[in-house]
Amino acid sequence: MSTVKDMLATYPADLGDIDRAKLTRCIEECITCAQACTACADACLSEGMVGDLATCIRTDMDCADICNTTASVLSRHTGYDADITRAMLQACAMACKACGDACERHADTHEHCRVCAEACRSCEQACTDLIQAMG
Amino acid sequence: MSTVKDMLATYPADLGDIDRAKLTRCIEECITCAQACTACADACLSEGMVGDLATCIRTDMDCADICNTTASVLSRHTGYDADITRAMLQACAMACKACGDACERHADTHEHCRVCAEACRSCEQACTDLIQAMG
Amino acid sequence: MSTVKDMLATYPADLGDIDRAKLTRCIEECITCAQACTACADACLSEGMVGDLATCIRTDMDCADICNTTASVLSRHTGYDADITRAMLQACAMACKACGDACERHADTHEHCRVCAEACRSCEQACTDLIQAMG
Amino acid sequence: MSTVKDMLATYPADLGDIDRAKLTRCIEECITCAQACTACADACLSEGMVGDLATCIRTDMDCADICNTTASVLSRHTGYDADITRAMLQACAMACKACGDACERHADTHEHCRVCAEACRSCEQACTDLIQAMG
């Protein structure tokens, strides 16, 4: 995943006073979480009692879409708009919180929900850290 | 585009007290705006002075991603979470405002920016209307 | 949906000898089908016997992602690469065929699957027509 | 990135005889490449002669969308359809080849194009390897 860092290091214009370490980590967490949520939604579909997992699957899908879009917005710096970035980070932290909660409820019975919940918690924290660093 | 309405009409569970007409319109505006922004970013790349359009192109790309994700979140009703929906609608209205402003600056010289600005204004309004209807 | 046509009409460079009507229709069908598949996957999650719909839900999700990406690729004309466009159209026609088949199996019992199957058939046809028109 | 591997290891149903190491690597390369392409398109927008980079930017955007969708399709195993997976892998390898070529042309002058070209080459290889492993 050093590619995220390398792409940031080669950006040709001024990045402003953004915290590069927190930005790098947030992009990495978003793309990791998006993939985990996509995989978790599908793993849930292969479980015995899918009906009990309907909310988990739906939250996984929202979280995957929102994390992917947040990663893309954070990967663009030209014409940077702090308000849009902050709004997306807030939506992302909220989606990760909800998805982490939904997955945690099944963590004891479904290993994929446990792994996915960890990815959500970690991404939520990275979003919150970046929001704070933005001031 | 009656498919958006038809899919909503065939949803098998309770939709709660959401305003169906405003929800339908918002989904339609989001997918229309996402496509217009993707096309506008590319049309800008074919103009003579691309450097002058860098912020417009970037804003188009953010707006396209955010509108697409908002349309997907709004198309899901199982395990509906009003907070996530509202957060995405706010990010979407903000992105559409910024993109409408950026495109409008070039509307006199570039027809594609004029058409795209209209799509953004219309989508921003639909998002704001739906936020208000959600209470 | 006249926005798709309007954006195409305002493209500032040469579009080559592509069939504009077929291109417009294919973009419209792709974004309509992507939304229908996203909504159908979620509607399936609200049905009683979700386990029986697992393959349908999964195919809906693949089809939604592939249709969205195809719409984006088709909306870009600068540096147009016919090989990439054709490869995406073939993947899209294949995903729409599989999703139309999966939804049709439940069309008698689930109205959302019936509407979604129609969107898939229509999108598959539009992709096939555009591939043929490309020569 | 061990999350991709962990999610695969916790999948509750049979994965068939797919090569897990190659599948894991391909998903990782796709999400890394999608992020690099999104960042590269934006970095190009901040360069002095954006007009010379128009094809590179456009190819970056196609490649980002296609890699993201390929990663999602590869992350789903329920109701697995080898034909759709193969079609997406072929489109992805083709997009990565075109984007790697486009970026390489600017690798001497733009560091971000050099890093992005490497990500594209690596992802193209991972897609080709997985296609071969699928038989």
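Going by the order they are written in, the chains are A, B, C and D; count residues from 1 in each one.
One rule holds in what follows: contacts are C-beta pairs under 8 Å (C-beta built on N, C-alpha and C of every residue); 3 or more make two chains touch, one makes a residue touch a chain.
The structure presented is a predicted model; accordingly, all values stated were derived computationally and were not measured.
Distance from the centre of chain B peaks at D, each centre being the average of the chain's Cα atoms. When the C-beta contacts at C-D and at A-C are tallied, the pair with the greater total is C-D. In this assembly, the C-alpha centroid of chain C lies 21 Å from the C-alpha centroid of chain D.
The distance from the centre of chain A to the centre of chain C, each centre being the mean of the chain's C-alpha atoms, comes to 27 Å. Each of residues 42, 45-46, 54, 58, 61, 68, 72, 76, 78-79 in chain D touches at least two other chains.
Partner chain B is touched in their complex by these residues of chain C: 1, 3-4, 6-13, 27, 31-32, 34-36, 38-40, 42-43, 45-47, 64, 68, 71-72, 75-78, 110-112, 114-116, 119. On chain C, the positions that touch chain D within their shared complex are 54-56, 58-59, 61-62, 65-66, 68-69, 72-73, 76, 78-79, 81, 83-84, 87-88, 90-91, 94-95, 98, 102.
Those residues of chain D lying in contact with chain B across their complex are 41-42, 45-46, 48-51, 54, 57-58, 61.
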